[in-house]
Amino acid sequence: MEGFNFSTEVVVRFAETDAQGIAHHASFVVWLEVARVAYLAEHAGGYLSIQAQGVEALTTGVQLTYRRAAYFDDRLCVWTRCVDLRGARFRYEYVLDRDGEAVAEGSTSHATVDARTRRPTRAPAWFVEAVAKAEA
Amino acid sequence: MEGFNFSTEVVVRFAETDAQGIAHHASFVVWLEVARVAYLAEHAGGYLSIQAQGVEALTTGVQLTYRRAAYFDDRLCVWTRCVDLRGARFRYEYVLDRDGEAVAEGSTSHATVDARTRRPTRAPAWFVEAVAKAEA
Amino acid sequence: MEGFNFSTEVVVRFAETDAQGIAHHASFVVWLEVARVAYLAEHAGGYLSIQAQGVEALTTGVQLTYRRAAYFDDRLCVWTRCVDLRGARFRYEYVLDRDGEAVAEGSTSHATVDARTRRPTRAPAWFVEAVAKAEA
Amino acid sequence: MEGFNFSTEVVVRFAETDAQGIAHHASFVVWLEVARVAYLAEHAGGYLSIQAQGVEALTTGVQLTYRRAAYFDDRLCVWTRCVDLRGARFRYEYVLDRDGEAVAEGSTSHATVDARTRRPTRAPAWFVEAVAKAEA
């Protein structure tokens, strides 16, 4: 996908469908998180290594636009990039496609906080560098 | 809440929390839906009565901004209003508060489709009227 | 319900349904937890008051038999009783009905552990007494 | 795992954890379903091919025993076998392990029904054969 260096795959679980016969729209929010976790594993030693530094990343916003329904057992590609990293704040942008067909797109906003005090704290330098390298 | 005529209550379930010790951000998306269902039950005979007319309401977008963490057993008030109803499209806006303190706010976008063909179809007149009356 | 002194109500959420058009079987496991939380709120000062004593209750087993499908917006009555409380172990038994018609029945097993060490610790005396009183 | 010919892998999602810092016990029920779907994909043309024959498989029971907590990002192996296939009924048995250490074990019961009438109907012969071959 133009503008994205990273993607991960999710397969729609039956439990993620609803009585409209499609993947429930809240399931996509979970998939974005699965994609962030995969992104961090690939580029920044994993989420656990961020936590190990006493830093938690909170989700402060989520936005999704649904273009087409997704169905049970669909294999979706979640294109993911980390953008706008400044101080204690950063965003991810996503495009979900199925065989090249856009299914949804979205973004999430995050803030890094000190795990103990829950106060905003700058994202660790190594994380900033890892993201810069991943998005280069 | 100023500008809202309707609210419903949700209590954070333990299953809705995550390992950060807070309500998972995807849980809020489900609560918005619970609030829409309650709104429709109050004002438009319930979602099942819309389906009974051969109409499905799809969710085409969701947007949430998280202000404060919610915790297990928190009692949240979900203020809900239906806006921008035009043809086959409408939106809901929400504010979630806990004892008057803003926890999150958001909106969802929807489209009414024919249940069989899945093609856009105008929201039923009685639904438009019910919403107009509810939001008067 | 014969043999039960306590019940709570859950309404099937749309997000809890699946593409078979019924409530997904994993949703019931969450409802049992909702019922336990309501039971504890009624009889033992709430789950948070147990945690406040440095005790966590782990779930060590779950068993469910599904008799009939449940559907979106169904109002289910979850009959709940706490049984077999001995030392650090206890069980709950449940019957879920809809307008008097059995939908499912089940049980869960639990162990109380010290919140810090995660080692088994006897259920607090006041909890044992509260349950005895509730089930008298 | 002794007695099992098939396994699939799940990685614990952050959304699947709870405020006890562990994977929520209801998440396991979803993983068993993920494993059944993978089993059917491997051995019987996938669940969709069963549905294509006008047959639905309902879940009539679930039983889980939790041995150890599972944590965010844990990679679990779900050993799965299909047993006791007779007429319209069959069961699955499961063992979940993490690096060879037992985390949970369980079983689910199922009934095949005609998708339209929802009445019990024998499992298709090709399904019975596929299972027999898989479990040989």
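Per-chain numbering from 1; labels A, B, C and D assigned in written order.
Here, a contact is a pair of C-beta atoms (placed from the backbone, for glycine too) under 8 Å apart; a residue touches a chain by one contact, two chains touch by 3 or more.
Predicted model only: the values in this text are computed from it and were never measured.
Relative to chain B, the most remote chain by averaged C-alpha coordinates is D. Separating the CA-averaged centres of chain B and chain D is a span of 34 Å. Chain A and chain B, compared by their mean Cα positions, are separated by 24 Å.
Chain centres here are Cα means. That of chain B falls 28 Å from that of chain C. Counting partner chains per residue, chain A has residues 14-15, 26, 30, 33, 72 touching two or more of them. Taken as a graph of touching chains, this assembly is complete, with every chain in contact with every other.
For chain A in complex with chain D, the residues that touch the partner chain are 13-15, 30, 33-34, 37, 46-48, 72-73. Considering their complex, residues 20, 25-26, 29-30, 33, 56, 58-66, 69 of chain B touch chain A. If you check the complex, the residues on chain C that touch chain A are 14-15, 17-19, 21-22, 24, 26, 71-72.
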